[in-house]
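Same chain, two partners: chain A is paired with chain B first, then with chain C.
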Partner chain A sequence: MTFWSDPINFVAQWLRDVFTGWGWSSGLANAIILLLGALVLVSFAMLLDIFLVWIERKVVARFQDRLGPNRVGPFGIFQPFADIVKLILKEDITPVGADKLVYNLAPILSLTSVLLLWAILPLAATIYGADLNVALLYLVAAGALGTLSIIMAGWSSNNKYALLGAFRMVASMVSYEIPMVVALLIPTIITGSMSVREITLAQGDGGVWFFIVAPLATVIFLISAIAELGRSPFDLNEAESEIVAGFHIEYTGMKFGLFYAGELLHAFTFGGFLAILFFGGYRFFGLENLHPLVGAIIFLVKALIGYWVIMWVKYTVPRIRIDHMLGFNWKFLTPLSLVVLMVTAVLNQALAGSETWVYALVMFLANVVVGWLTLEILRAYSRSQRKAEEPVVESVAQAAHH
Partner chain B sequence: MQSEWLYIGLFLLVGIFIPVAAIVISALLGPKKPNPIKQSTYECGMETVGVNWVQFKAPYYIFALIFLIFDVETVFLFPWAIALNQSQPGVLGVFVAVEGVIFILILLAGLVYAWRKGALEWM
Partner chain C sequence: MTAIQILFILSAVVILGAAVMVVSTKNLVHAALYLVAALFGVAVLFALLDATFLTVVQVVVYIGAIAILFIFAIMLTRREMRDQGEQLNRGWGAAALIGLLTFGGLFMLLSSWRGFNGTAAALPSGFDGVVELGAALVSTDAFVLPFEVASVLLLAALIGAVYVAGTKK
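Up next is the complex of A and B:
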């Protein structure tokens, strides 16, 4: 192993030699190296977060036929730095009657819950933080911490809008957690492991990307991830036309900035998990074998594409009503995800030991059949709904005529 | 495995340190000129009426209950999903999957019951 073939692990090994050379115990040296690694990764995530603010503003501007930030630096790329300076220099207002401790903890927890997800992201074959064997459960648990931060913000602000926003957010987040967990179960069944690293490894070297094996699970994961993020069309928690800004209405300055940074990084991280679970992670047809950093770049590009899709949905689809949102989840997404799970489990066992391409083809066809049946049921239902509504519409029209 | 969880713990410390540092720096650099109007609760220019911790709609509670049942049962599904690949191929392997399917069908029966009872309507 030389510096050029694997810089990160080379530096880690070099530091380990230096520390043990100073007479430190190997356990302490290891802990210091892990701490340094965590610092580097968190700093990288925060730098990326600053860059994401620029991307988000530029992309929303293009969707709305505007230019976006273009004054500070080339293409306005230094705009987020100006924003950060402004946020830091703003006065920090705590509303009267707020629960001070909880009020201050909420933005911290909001960003921490997102940063915690970065601990398990495998950036490349040799660049990964913790290879947990329960990584998918960890993903769900860290997401639940994000929910908690929103309840804390809404409850402690002493504001009715904030409280309403928090209620709505909790309703949507806990509901959409069910299809998300079921969608996470499907890569687990195919791989036989909850480790994100093993899921990535199973999608290369004679395996196929899981979005071919489980296209419906990919879509279910994407929808529930958007709901979990609280982004449009599920952004009832901060519906600015009804409840002003929802749970972060009373937050000013850097505390608001932390919520905003947490939301953007969360969206990017879910793009990353979409890439890892269904689109091969850092793998791209053998290109990742050239160099670990190439693998990391492939992963970041895939995560950015996932993030772009989430933005695309956000700026295209209007907000939906809360009863529609909960109905969509409990009457459509949850039953569908459970059916897909049953089909995947039975076929996975029936096809055990068969060729990879046979396995992928049968799984794909099974998904197509389930998807088609679902659409047929929905069509029949909407036809019956229209039939039931038509006489009402006619009688209303006649009444108006008379 | 120990080192992995040590890394998670250290990551948690760093992850808490960064936002705390941002808030502390902001508190040190920002102005502090509080007054009663500025610190009052935001309400579109009106005076706030009544208590701010209001009662909430009952359906939120019902949806939380349904979620709780499903969440506990999906936790049972994870060990099953992992053991699935390690089971014997052939008829026995399919039988393991069918056992899981029966469990999921019971789950779905609970969902249909809640649906028929009208618990999924927003009233």
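Up next is the complex of A and C:
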């Protein structure tokens, strides 16, 4: 192992030698090195977050036919630093009747629940925080902490709009968690492991990217991820035209900044998970074997593309009504995801031991069939709905005519 | 003292402190949040035992679902978010007696257990608890029957909930 071939583990090994050379026990040295590693990873994520503020503002501007920030630095790239100075200088307000401890804990927990996810992101073959054998469940668990932080913010603000926002958020998170977990089960079935590292490896040599094997699961995961993020069209938790800003209405300055930064980093992280689960993670046709840092760059680019898709949806699709949102989940997404899960599980068992291309082709065709049947059922349903509505429309038109 | 022992003592203090606060705080939402803290501490204990699956399931089920349902129930049933009533009702004496008896019984049982001084056997290398658990749940010489019975029970509960909530036409 040299510095060139594996920089992160080389530095860790070097530090371990230095610490044990000072007479520390190996357990203490390991604990300090792990803490330092976590610190480096979190600092990297937070630095990236500053950059994401600029990306988000630039991209939304382009979607809305504007230029976006372009005054501070080249292409306005130092705009986030001006934003940070502004957020820090703002008056820090705690509303009357707020529950102080819970009110102040909520933004920290919100950002923490996102940073927790970085522990399991494999940036490259040798650069990852922890290789958990239950990584996908860990993803769901971190989401549960995020929900808790939103409830805490909404309840402690002593504001009806904030509480309404929290209610809506929890209703959507609890329901969209089901298709998300089912969509996460599909890469698990194909790989035979819940570890994200194993899932990335399975899409490498002799395997195909899972969006070919499981295109419907990719779409279901993307939709439920957007709902979990609370971004448009599912941003009812902060619908500014109805409940002002939802759960973070009372937060000012850097406390609001933590929610905002958490949301952006969360969206980017889900872009990363989309890349890992369905688009090969840090792999790109053997290019990642050149160097671990090349793998990390490939991963970050794929995560940015996923993030861009999430932004694209956010700034294109208008907000939908809460009953439509829940109906879409329970009557459409959940049954569809369960059908896809069953088809995948049965075919995975039937095709065990067959050639990779046969496996990929049959799986893809099965997904196409399921998707086509879904569209046919939807078409028949909407036709019957229209038939039921037609007499009403005619009678209304006649009444208006008289 | 090893790092594991320090972590165990820290999380035990957090669990016990939070558990005491659950029953002693006057604010119901605070009680629910302290319950979340206590349950999270139990997840830390599972993590110390290398039981990764139980750790995440503890967080998903107890924090992700049950604690959130508790908080919802409190929010939707109390007219005011703060409960000003008495914390104790007339049954507190009997409840305290039963609690003490249960604790005493557990204490007696566990004080004769020799496992406290032993060290856990190291897991064999390549041991994957999730795979073992999954295989045990569907294996006929292990837990397939309880697993299926629990599934049927949950399905019945699900259908029952739909029936109760559904509007009759």
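Criterion: the second predicted complex is superposed on the first by the 402 of 402 C-alpha atoms of A that agree within 3 Å, B and C clash if a C-alpha of one lies under 4 Å from a C-alpha of the other, contacts with A are read in each partner's own complex, and residues count from 1 in each chain.
In the analysis below, a contact is a pair of C-beta atoms (placed from the backbone, for glycine too) under 8 Å apart; a residue touches a chain by one contact, two chains touch by 3 or more.
Keep in mind the model is a prediction, meaning the values are calculated, not measured.
With the two complexes superposed on chain A, say which partner A:Gln203 touches: chain B (first), chain C (second), both, or neither.
neither
Let me test your reading of the model: by the given contact rule, A:Met152 touches which partner, first (chain B), second (chain C), both or neither?
second
Per the contact definition in the header, classify A:Val174: touching chain B only (first), chain C only (second), both, or neither.
In the superposition, A:Val174 touches chain B and chain C alike.
Is A:Leu132 contacted by the first partner chain B, the second partner chain C, both or neither?
In the superposed model, A:Leu132 contacts both chain B and chain C.
Between chain B and chain C, pick out the one touching the greater number of residues of chain A.
Result: the larger residue contact count on chain A belongs to B.
Return first, second, both or neither, reflecting whether A:Gly37 touches chain B, chain C, both chains, or no partner chain.
first
If we overlay the two complexes on their shared chain A, which of chain B and chain C does A:Leu163 touch? Say first, second, both or neither.
Touch partners of A:Leu163: chain B and chain C.
A:Met194 in the overlay: touching chain B, chain C, both, or neither? Say first, second, both or neither.
So A:Met194 meets both chain B and chain C here.
Pick out the shared contact residues on chain A: the ones touching chain B in one complex and chain C in the other.
The overlap between the chain B and chain C interfaces on chain A comprises residues 31, 132-133, 137-138, 155, 163, 167, 170, 174, 177, 194.
Applying the document's contact rule, which stretches of chain B touch chain A when the two form their complex?
Residue list for chain B touching chain A: 1, 3-8, 10-16, 18-20, 22-23, 25-27, 29-34, 36, 38-44, 48, 52-54, 56-57, 60, 63-64, 66-67, 70-71, 74, 77-78, 81-82, 84-87, 89-90, 93-94, 96-98, 100-101, 104-105, 107-108, 111, 115, 120-122.
In the complex, go through chain A and note every residue touching chain B.
Per the touch definition, chain A meets chain B at residues 30-31, 34-35, 37-39, 41-42, 46, 87-97, 104, 107-108, 111-112, 115-116, 118-119, 129-133, 136-138, 155, 158-161, 163, 167, 170-171, 174-175, 177-178, 181-182, 185, 188-189, 191-194, 244, 249-250, 253-255, 257-258, 322-323, 326-327, 330-331, 334-335, 338, 341-342, 345-346, 348-350, 352-353.
In their shared complex, at which residues does chain C touch chain A?
Touch list, chain C to chain A: 2-3, 27, 29-30, 33, 36, 52-53, 55-57, 59-60, 63-65, 67-68, 71-72, 75, 81, 128-130.
Which bits of chain A are touching chain C when the two form their complex?
Answer in residue numbers: 27-28, 31, 99, 102, 132-134, 137-138, 140-141, 143-145, 147-148, 151-152, 155, 163, 167, 170, 174, 177, 194.
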